[in-house]
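Next come two complexes, and both contain chain A; in the first it sits with chain B, in the second with chain C.
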Partner chain A sequence: MLDAAAPPKKIVEVRDLKMHFPIHAGVFRRRVGEVKAVDGVSFDIHEGETLGLVGESGCGKSTCGRAILRLYDITEGSVVIDGREIGHIPQKELRPLRPRMQMVFQDPQASLDPRMTVAAIIGEPLVEHTGLSRDARLERIYELMDAVGLNRNFANRYPHEFSGGQRQRIGIARALALNPKFIVCDEPIAALDVSIQAQVVNLLEDLQKRLGLTYLFISHDLSMVRHIASRVAVMYLGKVVELAPRDDLYETPLHPYTQALLSAVPDPDPASAEKVKRIILQGDVPSPANPPKGCNFCTRCPRVMPVCHHEEPAFTEVAPGRFVACHLHDGTKIPEAPAAAAADQQGDAT
Partner chain B sequence: MPDGAMPVLDVRNLRTVFRTRSGEVHAVNDVSFDLRPGELLGVVGESGSGKSVTMMSLIGLLPSPPAEVRSGQALLDGRDLLGMTPEELRKVRGARVGFIFQDPMTSLNPVFTVGFQLTEPLRTHMGMTRPEARRRAAELLELVGISDAERRLDDYPHQFSGGMRQRVMIAMALACDPEVLIADEPTTALDVTIQAQILELVKELRHKLGMAIVWITHDLGVIAGIADRVMVMYAGQVVEQAPVKELFTNPQHPYTRALLQTVPSVRGRRVEKLRVIRGQPPVLGAPPAACPFRPRCDHALARCARENPQRIALGSGHDVACFWDPATGEERHA
Partner chain C sequence: MTDHSADPGFEEAARPPRSQWRDVWDQFKTHKGALLGAGFFLFVVVAVMIGPWLWPIPYDAIDIRARNQGPSLAHPFGTDQLGRDMLARMLKGGQTSVAVGIAAMALSLFFGTLVGVLAGYFKRLDGPLMRFTDLFLALPLLPLLLVIIMLFRDPLRAAFGPETGIFILIVFVIGITSWMQTARIVRGDVLALKEREFVLAARSIGTPDRRMITRHLLPNVLSPIMVSATLGIANAIITESALSFLGLGFPSDFPTWGRLLFDATDYLQQYPERVIWPGLAISLTVLAVNYIGDGLRDALDPRIRGR
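And then the complex of A and B:
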């Protein structure tokens, strides 16, 4: 990891990003509301690091990843990638910037054209964005296949002839084709078997080291994120509720949602499974079209206070590099202090 | 667990084959296991390991063709399920063997109310009248933690959230008080916080109702938390079987050992580099003549290429199908 000495360079700076999707209804398809999929998200990603973005389905993590790469026209906010503001520039101006930022999708089956050969899939970005000759292009395709551990002899095969893990390698090779600096990995291992997941994760790590890549790793798998990420952001209902260096987040989560989320992950060890005190959240995630007033988590929070129902908590830095949006940590820079207040609160609840 | 009690379900030498245009696929190869009363048996394996097909074969839920149960015996309270007519099997399903599937949205019918779907098995299998069945259905919804049960009977599946739908599925599976419940990846489609809710519910219910459960999953974490005994499957066969603590503390088969090391943990020590099981699981065109895990195994011996190891009992309910002995690093001596 890049340490203290010089402040690491920021590759991605996201400020107050909002992505709202309109809801139309009725005979005249009038706009009756909006789904606030991403509702005011801010974070930085430093050069060479992996920022893990975790959360449950529907929390907006994938939308966030896509919005950052401007696969959507964002509602509000600013996105700076590698020093260039891309939040609101038109798609035409974005096109020359695309080689720098790429994406690996969840479902390699759906993101690869079944009628294109592997060589054509990996070579497509080269055709679009570079003036390479046919031979030079093929050379680069072979190079990429070697890099992701695919046999060169399979260049003329079609995606269906490969297994899930190999298809994901094709997707990774395509993302690498134009030497990007920043890659959004959207649940890249969710569709794979456990024994194959480790292969793909190790490949992503090797490539990062070798090519100095920066990742935004979107996943619902908290144990895999703990393995791959250097910092982790936790999303709930369109907002980042906590962002911290990996070890801090997993050892001493501050937000009640992060605490519940981590405690809910089953451990592959019966001894520790008995020890862990699970926080079982009641109910379900509210609809992002109609989020609760105040804190988004107030409907399910085991430590909810009256203030949570009418005032939205600010996303503040409570310790160096540790951000949390929760009233339990209001007006303090020391994470220990609110513990007492929290204990009182729990007393009330029981 | 009441050891030595008569098993509720006793499966011997089950073989299931799929006949496809490109030849046969041997999905289940000589699987034997038993399920004791009140026990929760975890079945772990990757996709294609045959864990679902094994269970579906037992109760005739596989479309035939292409599936074909070649041989075996499956005794449910002394009666062989594999020899039953479709009509007899239908009486077993729902009434004596309950099911929960992975995706509650595809297993509930979207055009009928939840109440209708819950009362249907009660009326056909238990001969209840409409009002009786409705009363029982409301009880069942309450049992699985759905509030305002009476009113929610008139709701359609889409009016329930994912976790609630899975609760409805559980209620349906429990409707006729089955002796055996087969749960096929019941929490895989759910988020972790919802999964935790469902796992708590199952833990509570199994003690209340005392049924035997087969829990199929690929998630070792889920198994560690709820199972009494675990069976690990690979390439259509059982490679290891042991009581849950024994399996996690003293795994014997190289596949089980590798699987346990390849999964990172949220709480334990963090490893710098994940252990990889190289290659990928085989698709078997014929019953394996050698150990099917051999090409991916770090400890393969010469013998592994010549014969397929049979399960050897190691004592205290632990058995393994492997020639290699992790204690000595050499071939196991019987």
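And then the complex of A and C:
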């Protein structure tokens, strides 16, 4: 899908993004700590690609997606979208930039205002950002409804009259209304049943091809991410532990967490499923308010080393396009050969 | 399920979005109680507005020989202890009572909703505004009313004339002492709504706070506001009667429903019908308004509409 020969334009550059939520406690509601929901995340998204962002519940995926769109005021770091730094500019200046970046939400029921008609919901971005006349706006709304496969006659209906998949289509139409370049899909299929998931994912892919969209696809469904993403980032406890092109990541995962995560994906073929040895992680995810010292994963890592408990691994490029944050790969910087060897070794180990 | 192209029910050509108010009216019409309530309320309003012009006997005409009469053709509602016609007094009293009820309700609703929405939406205002609300809830009402009326009665009378002055004062007093419940309910609802994803979605579109409130929050807190409004009218009518009874409201010879009720309680044993008329008028008006509120609430909620 995406060849390395001609490096495409970076549309999103996230550098050391941190999103900490304060915890207030006690009689005087003093600040006693913070939840480090996203704690130093860096990645790029190239034009026209889909970056999958996976991880277990509560690891900061959704927060990361929302922070990139500045739905939160981020604690630290920089976000460059389409060549413009938006990390710390006030919301007022952000407003004219909103049309370039949109979001599809997880819960299609909750993300649509129950008191607005479909036409009003899809039309809201148009009202906010374009000076279209009533008729022109309606025309555009119909166009969008066609694009996402909704019957035009549904324009006067209310969200509660639709099925989950149709509601998600409304959400997608709203996100598309302003011709954005970049869309954050925050688990758009998590609330749908499997047959509808496929429809929605195919719709997203189809729209991407037609409109040249760039997605950040947040999901916990590894098989779906494998289907749609061109590169995949794995998050654990607020940090990206591994970022690699899709095929590399699924073939030879480098980080022990990625390995464990992938080993948990059910295999439809019973014969090969028997052969797969599952890596069962012990213990629970530590609290993001009080992450362990050193590597975040050191409390549960099956291959933990003494160094992991006091030194945080750097997020380094171990092979072209492959980033990992793990002490196991400390020595393996590019050039290519040792990295490949390490990958092989890794493959044997699992 | 999602394949709608083959559905024969949707053959009609795409029509432009209907006005929401048409839908609301269509739904309102299906609520019999609400229609009945609206009809009765309209009847009361029209009767008290034009009734005093049509009924030949003035409300303050004393006919001492015809005092304490029961209902008759000349005096359908009877007469009071001074021989004044009860029907004329009811009509005249209704003018004041209904006007006070609606105006005070509107004022308290406006103030309550404003405080509630601001406190719920802007975190910085939440503490101060809600403490302010608590302060009002904790105020001893009667001493406060006494002070307000003592301070402002004479200037207002001088500025607007005795009746209008008192009217403004009463509406204001009832309004500012009854907004707190609405404010609390609205704040609670706004706090919950604010965390819903559609508000986040609107923010991702870049909707500014002002329109976030008017487009997304207010329509969604309409139900509790509606309920507060209907209860508020009843409350205002009753509070006004209590104030009149205490001598803090309108002058004692100026009829309001509450005033008539309290005057009649002295003769409850001998002439019970004199209590019944104003009592019935207050209860039925309140009931009608409650039904209207009920119907409106249903009609304004698209999830209930069309069911």
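Following the convention adopted for this analysis, the second predicted complex is superposed on the first by the 328 of 350 C-alpha atoms of A that agree within 3 Å, B and C clash if a C-alpha of one lies under 4 Å from a C-alpha of the other, contacts with A are read in each partner's own complex, and residues count from 1 in each chain.
Methods note: a residue touches a chain if its C-beta (ideal position, glycine included) is under 8 Å from a C-beta of that chain, and two chains touch if they have at least 3 such contacts.
Being a predicted model, the structure only gives us computed values, none of them experimental.
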Partner chain in contact with A:165 - chain B first, chain C second, else both or neither: both
Which superposed partner A:18 touches (first chain B, second chain C, both, neither): neither
Contacts of A:196 with chain B and chain C, given as first, second, both or neither: both
Touched partner set for A:10, first chain B, second chain C, both or neither: neither
Touched partner set for A:100, first chain B, second chain C, both or neither: neither
Touching partner for A:142 - first (chain B), second (chain C), both, neither: second
Touching partner for A:156 - first (chain B), second (chain C), both, neither: second
Chain B versus chain C as contact partner of A:113, first or second or both or neither: second
Chain B/chain C common contact set on chain A: 163, 165, 196, 199
Complex interface listing, chain A residues touching chain B: 56-57, 163, 165, 193-199, 201-202, 205, 220, 222-224, 226-227, 247, 250, 260-273, 276, 278, 280-281, 284
Chain B residues touching chain A - in the complex, by the definition given at the top: 46-47, 161-164, 191-197, 199-200, 218-225, 244-245, 248-249, 258-260, 262-268, 270-271, 273-278, 280-281
Contact set on chain C toward chain A in their complex: 1-2, 4-5, 7, 10, 12, 14-18, 20, 196-198, 200-208, 211, 215-216, 219-220, 222, 300-303
For the chain A and chain C complex, residues of the former touching the latter: 66, 69, 71, 94-96, 98-99, 102-103, 105-107, 110-117, 119-120, 124-125, 128-129, 138, 142, 150-156, 158, 160, 163, 165-166, 171, 174, 196, 199
